[in-house]
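Chain lettering (A, B, C, D and E) follows the sequence in which the chains are written, and residue indices restart at 1 in each chain.
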């Protein structure tokens, strides 16, 4: 019985240990980093152990759970490495930072692996709460607090909506199980079930930042510390998508047509709006925020179409997105000046001359986000658009590909700055940690882009 | 207690819905940061009411258990929220939420 | 020897390549040797192979396929199913092409010789000979080709050389314009020619003359309905090359080139390619009386119009140019009435006398350094040889008895007259042609008298030209004098028709053969044409020699200034074309370019500046343009980007409201649709 | 030549430039000589190896066997994606054109590019790999990979080494072409699903998943699906070609690109669109193609006339040539959609011709641009005095571009027009106008640039062509005359490939001669 | 009888709710929230959730609300009086809030609620409400229960981290 939660146990214990260290005023940053990474790695190693075991009442260990748990842990590892310089520079203390990231990971672990609304909710809240704290963690800046506060209020608001939805669903079905919720579902006349479903939908849409629930994203992305922004754009998002998929493909499967229609509209708006808004941004982080909103739209293509391509697409795309985002943020941190200032698109001017490798990596990540073949992003999009075509959502697929083209336009503003503008004003740090992250991400993007069968062979997600 | 025969479930649901809506409205229209938090609590209470009612309707205690968790989480959220509010207050010297608009667009 | 006839074409090519590759290094005398030598060699080859062929197998054309050129797959044809489109580099030697190569190489050779003197002091001597050699090559390909596409190669090749040589003096602008005009007008004709080729393949499933004609002859009724359109398209090609209405406008301008070029290309050889082509395709034309009538009418009208235009010109070469157009009109008239042999005969005699005239005029220009006849005069004293040769050629073109032009022109006139026996229109054509003959005699007389008689009016001292030039004049004048005797009137004595009989038979196809006139009528017609020629010459003599002060002409011009102006300005046809087709095309091009360009301005920039009003307004404004749609879209996207962006006020409560609105929105759409 | 079938010659050709690019990566930026040497060496090697293809290709084979030099390996088994290389006669010619023009464009850049040489040659070589990959691929996934990858180096070539409005032109190029290709991706996906499980009411064929292009040839798609898939592919290819309403990116990209960029863009990149029609649209969606032919031909004819007219009014030499490309490519598409062997083989030949002639013209404009730093026609005049050799080369290539007989352009246009004629004589009539206009705008430009008096001081002492420049042009001129006078080897090599396509499009063609 | 109780309590709860969003002073709002909390506790009692009712009073009224009062005391109170209490355009927002209410109301209106089973049997099985809850809590929901302790830990750490800012400097 314990096998299923070994990874989360490892993480929890490490996090608690780190807190304890902090309590005794042992501020060894490297301990925080190394223990954090170690625990996450061992967590990943122990992940497959629970796979055959399904005896836990509230947790499930199926392919979906394992893969996405892997994904969020990977995200956390990369975030930790990425954060090193940033946190060290501000002398904010890596130990408690590390433990907060671990707590968030535990939350995501349960969010992904729950087969019960209660567990799901608790996981969600743990993740969210750690995120609020992480948002306001470092800068001691009005902006960070503003972001944190906005995130907190809106997050709590949306989880209130989600919760209200859950309560209505409970009112209809009489239990919280995700696996067997349908015992008492009364078909199309069950209105509170549907009302609940819609509100749960709204709650999840908030978490995955779909339009019109995206509204928090740009501000939070901008205000949060850079590594944390990277983390938000991948970890919680991936975990939320996994839970989203699980809830809607399982619990609300009988009402598929109902939510598919709604999600259709939302996905449409999300792809359109996210990418269009990104056009007019000058702040890189806001630009990326909108780009990630647009990406959520693509992922929703897989979500809505519900076929054998869908999960592969969602997972692969999120993985690609993870590599690209972490990589891009690594570069942003590289470029970060000592004094606080906004991360402008112009900051990239002349990067190629100064540091060609950074520029090249940035180019690859951006191409991956656009979905140019040879990068992991393409494979992800290939599956996502494939699933949309297969599901018959041609219009969405068309909008999706068109918006990919639009995304090229705004991403290439950065490329233009890097490669074509001659001006150079940035100072570049020298950091092994950032470089490591960058190389991991670059390799991930390229390897999974050029030889995807390596992953696809493993990836036989079934529900 | 045996009151269940007399009180229509829909009344209670409407009450909870009304409270929920009041909470939502509060978050939308009030300026004061603390009152935003209070409104959030209102929303959570509406949820709790639902859980209790449905727990009663379905004859299981799952809903009640959930509502305990909700309370716990409400407490945690309040703590964090107030922490953030105080920090914001220290920097901004104001409790108006609409002054927090450094980031836009 | 006869199998090597195709080498005729390749000697000049060799010359061209040698001169072309080493044009910078070769000295002038070597270039002259190569240039003239290559043409001389090909002349020898031509004569040798033709004699060999004519003595042994005059009724069997010789074919020589060098290699398969374009094998482009099977195409469905009208009558013959799927036929492979296989074009060869292949040549044929029959009486028509034999005739052509003989006179082309011969005249060409003498003009090369002439050029040595004429061009001696010009810049670009080497270039000139290279082009001339290339021209010879193309022309010989044209006449030797055994299929239409290969003929087309030569056809365009001579057009190219014509372009290059007209624009030979590239410092000035107007030769360039003239060259360009020539090329483009020719291309318009070629457009028709190409379509004619395509039609031919579609109907006959082959492009070899031999195949096509044998099919056409064997089943005339079957192909007759399609022959008209083929012939009309081919004739459009011919009007371009041979400067017929409506595509004649390039030829007068083409006089911008050096005079030997005018003589060779724009008088003797290239411009007759159209006549050659029509004659070559006579089996097709014979299937279609309508097409032939069109040819005849166009030819006749061209003859008259060009002749009238020639009256008022002051540029000696322009007069000759219009006379060329007019004579070409005669040739087409002959072809149109079915007298192909006479058309070819006129081609031949015209080549002699017109080349002679041009070379003579070149000689005059060479010594006076002007083209304006009003600045010449009295040259017979200074330039004896030139004068005599010019006189002979003038008499020949005017149709003075027993000069070469007399025989060919008389043959044409009597053919047209006999055509009138079947078609009343023939008599109209005949009278026009006769009128043209008078006018021709008149304006040629005018030029002659103004130039060579009276007093010298120009600057400097005119002098006789060098030997290289006069020798050519003498040769050509001799031929103009005696060349006509190979085509005496009457069937029995006409060696020329007999020679051409295998290719240009008198009786074939659906068209009535020219009626044989009784001897009496023939004699009367001859008399009439003699009178016509003499009348024209006499009027010229009267007006320009007797009347020393040219009072009559001056009075006439001052009395009818407008008439004079119209004629002097060539009926404003050039201006009309300029205003309609040329500037229409240019205006259209500019308009389209703007239309294309409009999108460039602020297309994607629009994204940045887009605001509600401007984007919508200028968006609609832009819609007119191709890129505008994209533009509009970009602006629209930017506009929406901004709208979305404005939602991001930064105020928390607004965000909460948007969330609430989102929930409301989702529930509402759900309620509406379910 | 058996050994040729044993070594993966296509891969060797394709990746040699990439190898060169990788080597360049390790050379110091300042060492431009070494960089140029490596770039020339590898582009040249690739060209030399590709010559073997010309002799090794067995053009007597028919049917599917026209695809030779096959290389096959599993790549993504779960999707049925293969590493699948192979060429038929049409691709053979395009591969050769690519290697030749790439080599020339590397060689012609030695003096034109004066900064950031390392990146320049690197990108040029990567671009070559991408282009070769497109022509060699017989798997959709692989094809798409190369198709898109190629855009990136091209973007940089325009964007970094371009003219004044380079950024605009570069992003416009990228956006337009990407727009087309993403729609094509949807088309590919639709085919994939039709082949396997079916989608959206289309009963799938239930085959194992594959993206093998040849498998989809004549797979028998239902008519309405064909229509949509055709549309998706069409937009992609039409933008690339570019066909009439999609052409606006082309003048911008051409004008702003550096010389080599223009050469490659005009010479090869545009051919991918037309190649796409031949390889995909025709054999996979024959019914839809036939159905759409009237519209496609209308667009082609509009392009022919419109492009020529727009070209006529251009004040800039490069822009003029760019617009003339629209016109020439109009001929190519006309030939393709004539759907008969003559039209198709003419179109294929015309692709090569256009690459040679227009590539040559761009080279020439680049040469003068290097000397004078302007491309405006009215900045010149009387150049035949100061640069007589240049004038001659220009004349020859311009003549070839306007389709003078005995030069390459004529052979292509003639066969295309006769092919089009056999569908409808009106097509040939209208398209023929392009021949007239082609002469008009080129001669007019030639006149303004080379003739007249030299009225500008700068033009008086321009140096004539040097040896290197001549060497870049001479191969093209040799090809111009070779194709013009003896195109048989070319026609032979594509004969059966064309037959293969025609047989798929209209199975009765070779028996009844009907395009039905 | 219970109906009347319910209605009274419901009225009070709503009154409190309205008070939360209507009073100017945060302290008044907090007090009216207390009213709502207590009324709801009463309603819980009606629906046989004694443990929840007690927890409501203890945790909410006694714990959470006290934190709020602390916070309200901590920050300046006077400041709030000067300014408007609602943000500009609040009527529109209010309007949409009401619309949302109506929207959701449609769903609830159209649902036919079954007659409740009541908790009687369940509670009897376990021997009491609290026992029943604890049984579920410690058996079925053991893991979430443990996780929620982590949640509280994070909340604590977070509150310290957040609230501590500015103090150090």
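As a working rule, contacts are C-beta pairs under 8 Å (C-beta built on N, C-alpha and C of every residue); 3 or more make two chains touch, one makes a residue touch a chain.
Worth saying up front: this structure is predicted, and the values here are computed from it rather than measured.
Engineer: Which chains lie in contact with each of chain A and chain C?
Structural biologist: B, D, E
Engineer: Going only through chains that touch each other, how many steps at minimum separate chain C from chain E?
Structural biologist: Between chain C and chain E, the shortest chain-hopping route counts 1.
Engineer: So which one's got more C-beta contacts, A-D or B-C?
Structural biologist: A-D
Engineer: What chain sits nearest the middle when you go by CA atom centres?
Structural biologist: That would be chain D.
Engineer: So which chain is farthest from chain E, going by the mean of the CA atoms in each chain?
Structural biologist: Checked the centroid distances; the maximum from chain E is C.
Engineer: Between chain B and chain C, what is the gap in Å from one C-alpha centre to the other?
Structural biologist: Taking the mean C-alpha position of each chain, the two centres sit 95 Å apart.
Engineer: Determine the centre-to-centre distance between chain A and chain B, using the mean Cα coordinates as centres, and give it in whole Å.
Structural biologist: Roughly 27 Å, centre to centre.
Engineer: Roughly how many whole angstrom separate the Cα centroids of chain B and chain E?
Structural biologist: 5
Engineer: Round to the nearest whole Å and give the separation of the Cα centres of chain A and chain E.
Structural biologist: Whole-Å distance between the two chain centres: 31.
Engineer: By the touch rule stated above, which residues of chain A touch at least two different other chains?
Structural biologist: 118, 122, 125, 129, 132-133, 136, 145, 148-150, 153, 157, 192, 194-195, 218-219, 280-281, 409 - these are the residues of chain A that touch more than one other chain.
Engineer: Pull out every residue in chain B that's touching 2 or more other chains.
Structural biologist: Residues 13, 23-24, 27-31, 36-37, 53, 57-58, 60, 62, 65, 69, 73, 76-77, 80, 84-85, 87, 91, 97-98, 100-105 of chain B each touch two or more of the other chains.
Engineer: Pull out every residue in chain D that's touching 2 or more other chains.
Structural biologist: If we look for residues of chain D contacting two or more partner chains, we find 171.
Engineer: Which of the chains touch, listed as pairs?
Structural biologist: A-B, A-C, A-D, A-E, B-C, B-E, C-D, C-E
Engineer: Could you pull out which chain C residues touch chain B in their complex?
Structural biologist: Interface residues on chain C, with respect to chain B: 645-646, 648-653, 656-657, 660.
Engineer: Sort out for me which residues of chain D touch chain A in the complex.
Structural biologist: Answer in residue numbers: 74-79, 81, 141, 144-145, 147-149, 151-152, 155-156, 159-160, 166-167, 171, 174-175, 178-179, 182-183, 185-186, 189-190, 192-193, 197, 199-201.
Engineer: Considering only the defined contacts, which chain B positions touch chain A in the complex?
Structural biologist: 13, 20, 23-24, 27, 33, 36-37, 40, 43-44, 46-47, 50-51, 53-54, 57-58, 60, 62-63, 65-66, 69-70, 73, 76-77, 80-81, 84-85, 87-88, 91-92, 100-105
Engineer: Would you pull the chain B residues touching chain E in the complex into a rising list?
Structural biologist: 1-15, 17-19, 21-26, 28-32, 34-35, 37-39, 41-42, 45, 48-49, 52-53, 55-62, 64-65, 67-69, 71-80, 82-87, 89-91, 94-98
Engineer: If we count contacts the way the header does, which residues on chain E are in touch with chain C in the complex?
Structural biologist: These residues of chain E touch chain C: 87, 93, 96-97, 99-100, 103-104, 106-107.
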